[in-house]
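In what follows, structures are represented as structure tokens.
Look for chain A in each of the two complexes below; its partner is chain B in the first and chain C in the second.
This part shows the complex of A and B:
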């Protein structure tokens, strides 16, 4: 992106700067200033950068996205919001990047658990926020994180004290209802020692063009367990950048289920740092159709010995859609006995669809077990014939196999209400005969 | 049931079957034996409708209809069943779902209503016991992670539930240990009836100890070079395939 465009965004920034949360916090003002300077100088990432080589975000240049000037969530149909709210979950609702107290459901939270909007956390627990903000996602990493640090208008803050196991999931519902809006949100999730939590991020928008940039930082302390889910069903005209940056302490567990369905151009970063004997599992499913461009960038860094990482990303690409998977696994010199597996499997349903996949292993230790595998292809003809010989017609067989390929990832979700929401979205993509929930 | 007349089949430019003649009447069991590369598997594939083969001459008539004109799924609905040499794994589709979908397409094809859910479960569980399988197999993905023997048993389970008229068994015995072979054979024998026919394609004579054929045909170089009763299999076992191949060369 040209710096001229960056300057345009930076000039626009001045119109909202004074209304962003945390005005009275010098450390935050300092952080925002630095981030803005960096963004003004560099702009959004360009394909010249290795980690962005398959994804060109210059289209954001041509659009005139503008942050909402009002500090309120604005009008939104409450019934429409309820459709997307999960049963049995605490729910934080952000509309166009602003917290909506009336739509959120935060009753009956256990004492000592903090689940609140980022703006509120900055007002009431600023010392806690200061300790974590930018620690897992430094704004020097790339332009979107810098942009996010400077612009963020609200977000989710979760702090769960040691040994506490939260039995209900926390849902973060990001809604965008305004055309040409920018929704910039920043989230922090902290699970203290031996705490266990499940968090679900959902992104939904009305049928218009807008820009979402959401950055989530997750801190999984010693022996704690965090499961994070993300379902991105943005409007098919929207631009989405969502980054999730995780720092895992010794013996901790982290699982990510990442579903990328929407957006005209969507990029998701998932970067995990693993300490001694910590484990992470990254699962992903991307479904692209029409002219969608969906990019998932994962980076797992094994810093200490005995870490375990498992990664499986699957993509189904139709029409002229393009799917990008970049998976980097870095094993530091100190990270002996690392056990890492990475897989990316792509199904191309049309001749014009494209999958770019780039697994990268960088191993500096000498006693490790690392494997990776990649496939890009069509449905297996042997499987189609087998189903045909069992009375299923060819078209139904193809639909069955495609759905089954995707459904394997849906089936890994353990939260019933969220599982059903994701399945609903997947079924929307497979309206054909032969696709049936009964299969598994 | 099935008439194969002067059937010629090629893959690309290579002729594989060079004039096969075979008539199978209801209730009969025919064993097709032959050395590797003789065209045995091609014959079972062409009967079940696998793509990649070109019929260059002859005809196959099944119950008065042109079999070669039907799509694979239509053949299956008309009662032709292929038990695969290498059953395919289908992750994400459960065994029981496929069985139900298959049975219902056959019923629909015959103008019948869908099978009642309870009746279906009773039927399936009966057959599972017959083949000494664990009920858990029903809820697992089709053939995924099954051992070789489990896959072959699963093929016979499908056959038992779909009740085909013509069963084509492609090397069902290869890769089976003796216990699994006995179970599979008992399953097949329990399905024998006056109106159901079997074509057993096999390389080994051992299977025929357990399932006694009415006729044995020896396939070599794309032609049936010798036909006879069950005793022919024993003779083959004793003398080896070179015996018939030499015979053919002499003729």
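This part shows the complex of A and C:
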């Protein structure tokens, strides 16, 4: 990126710095300063960088988004928020990157569990935050993380103590209501030994251009189990960067369900570090239409032996949409007996759609089982023929198969209310004809 | 398998058999590269004026470029001023007219390598162009080929005798601006083979070039151009070796293939440059640009490569599938041992309708080697019904080596079918146990399993080469079992 843009942001930073949370914490001030310096020097990533090869973020640079300094919940219709809130979940609502206590629902939380806004956590549990902030997502990684570290205005902080199983999920609802706004949030989720937790991240915005950069750091301690869901249905004009960086301790489990539906330009990073005998499962579905550009970038690093990773990403691309998938599996020298599988399937529905996919295996150990597979293509003609031979007309057959292709990923969700929300979004995207909703 | 440890140690110390040096009087340029060197080079080769201009243009462009760093290999920066760009055995004014006039030392060297420059020899069905350092020393069966209308000669000769063909095709597949090493090659290439198969001709025998680096402190920059005109068919083989030296030598070649309508080109390589010793000292840097253009309808290009040598291999034989219904194939076995590094693969660019490509890549990594498959499959919007199948398998032998797979897939055409599969594994204990229980030694068992692993690729090699490749594979792997 041009350093001009970087310095423009850097100059603006000075005017807002004093309003960012954690002013009284020297360690955070230092971290923000370092991140800002790094961002000023290199800016947002360019497609010349291997990891950004297929995604050009120069459109973001051309616009200058402004952070909203305070909570402007007044603009948000509480009823509208309620539609998106899940019945069975504790709900944390961030509006334009600021926590809204009014809209959030946090009653009946078990006492030992901490669920609060990042600003509050920095005020009341700063030593805890210090131990984790930036540990899974080092700002050196790339410009967006550095930007996020310097600018984040709020976020979610969750700490679940050892051996505690949260029976209800926690929903993090990110809303953006202002045109040309930046919502920069940083979330930290910690599941101590043998704890279990489910978190749902949702990104929703009103119909205007804005930029979200959200970085989530997840720490899954020994034997703990974390399931993270993400549904990104930003406005069609919005820019989205969402990064999720996970550190797993031994024997832990992590599952991610990633649904990328919205945004004009959306990039999602998921980086998992696996310790001894830990397991991770990454599932993803991206639906692109119009001129959308959706990039999913995953990296699984097996650092210790006996790790298991499973990954399945599916994409359906229509109109002029471009879908990018990059999946990298690294098996370190010590990580013998690693078992890793990755799959990426793309369905192109239009002549102008494009799929770019780059699965990578980087293996430094010998006793491993690693495989990856990629397909790009159309619906199976034989399946269509079969349905036609059963008196289903061709168009319906195509609709059914396309829907079924996508629905496989939706079916993996086992939180009913979230499942229905995602299904609703998927159904919106496909022609309804022939898809019998009673089957679902 | 510890029982065979002693045996393994014996095998590990086996020498690179082609590592001898032939003592010869040579004409060698002093190290260094500037425009004067290129003028001199062009003059020595007695080249037409347009060639000198082409070289200078490429050289000037090269000076503006930077050495690429994206490959998964590590090496010290190369000092291009420390390399000599021309080295040729001394010979009489006119050059040898027949085999009898070739320096017996050179003949001896080729004999040692098992390459028959004698037309009566065992491999009588193969015409050989022997390139020794910077010059071609002999080309066999010229007469017989001429009768069929096939032109097979050193490229420096083609420059003088067939300038029109050169003007038309040289640089048309790999332009001098293509990449750093291609630009360098365009500026300083010295020799290589030129093949032209006229319309409707099926080349009566296999064509082959044998590259040998002999002199120290030189780089070899060869250029090969193969043109298969409408409806023709040719099979071309390439082999290479070099002496054992402690310093690294650079080999930067460019190979261009042009297949017109209904033409078929089969290009096979058995690359056995000196890989360096077991501590990673010395060896050839093999930085090669190979590309085929399937210009005509129904044309077909098939690359087969067995890469066992070189300290660093960096090459991506590619197919640009321009013609409708054209086919590209890539079969590769890359074996790395000790400290060898290989970053190799292919590019398939689908432009025409109904184009299809197949990629089968087998990587074997042993010792402390790093073996990378890097491939691009690109389907442009015009390539309706394009089809690609890619399979890359990696086999790991030993726990210090690395095997990496970096495929890039870019599809802009919905009717395209692109499939990619990759696996990485080691030789399973069960397979080994089964073989041993049937009375095979651990060594033989591994060799058998590895050969089975590579079978799909060896099947594509011409028979004589397949035998050589299998033996080579066995030799390169020996000592790494355990």
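Observations, loosely collected:
Keep in mind that, in the parts below, the second predicted complex is superposed on the first by the 433 of 440 C-alpha atoms of A that agree within 3 Å, B and C clash if a C-alpha of one lies under 4 Å from a C-alpha of the other, contacts with A are read in each partner's own complex, and residues count from 1 in each chain.
Keep in mind that, in the parts below, a residue touches a chain if its C-beta (ideal position, glycine included) is under 8 Å from a C-beta of that chain, and two chains touch if they have at least 3 such contacts.
Computed from a predicted structure; not experimentally measured.
Once the two complexes are overlaid through chain A, chain B and chain C fit side by side, free of any clash as defined at the top of the document.
By the touch criterion defined above, A:382 reaches chain B but does not reach chain C. By the document's definition of touching, of the two partners only chain C reaches A:333; chain B does not. Using CA centres, the angle subtended at chain A by chain B and chain C is 70 degrees, rounded to a multiple of 10. When the two complexes are overlaid on their common chain A, residue A:131 makes contact with neither chain B nor chain C.
By the document's definition of touching, of the two partners only chain B reaches A:404; chain C does not.
Judged by the number of chain A residues each one touches, C leads among chain B and chain C.
Once the two complexes are laid over each other on the shared chain, residue contacts for A:24 go to neither chain B nor chain C. Legend: residue contacts after superposition of the two complexes on their common chain; A:390 is shown touching chain B, with no touch to chain C.
Superposition on the common chain places the nearest Cα atoms of chain B and chain C 15 Å from each other. Comparing the two interfaces of chain A, the one with chain B and the one with chain C have no residue in common.
Within the complex formed with chain A, the residues of chain B that make contact are 48-51, 71-73, 75-77, 81-82, 84, 87-94, 97-98, 101-102, 105-106, 109, 141, 158, 162.
On the side of chain C, the complex with chain A involves touching residues 70, 379, 381, 394, 396-426. Note for the complex: chain A touches chain C at residues 50, 54, 333, 336, 346, 348-378.
Contacts from chain A toward chain B in the complex involve residues 380-383, 385-394, 400-401, 403-405, 407-408, 436, 438-440.
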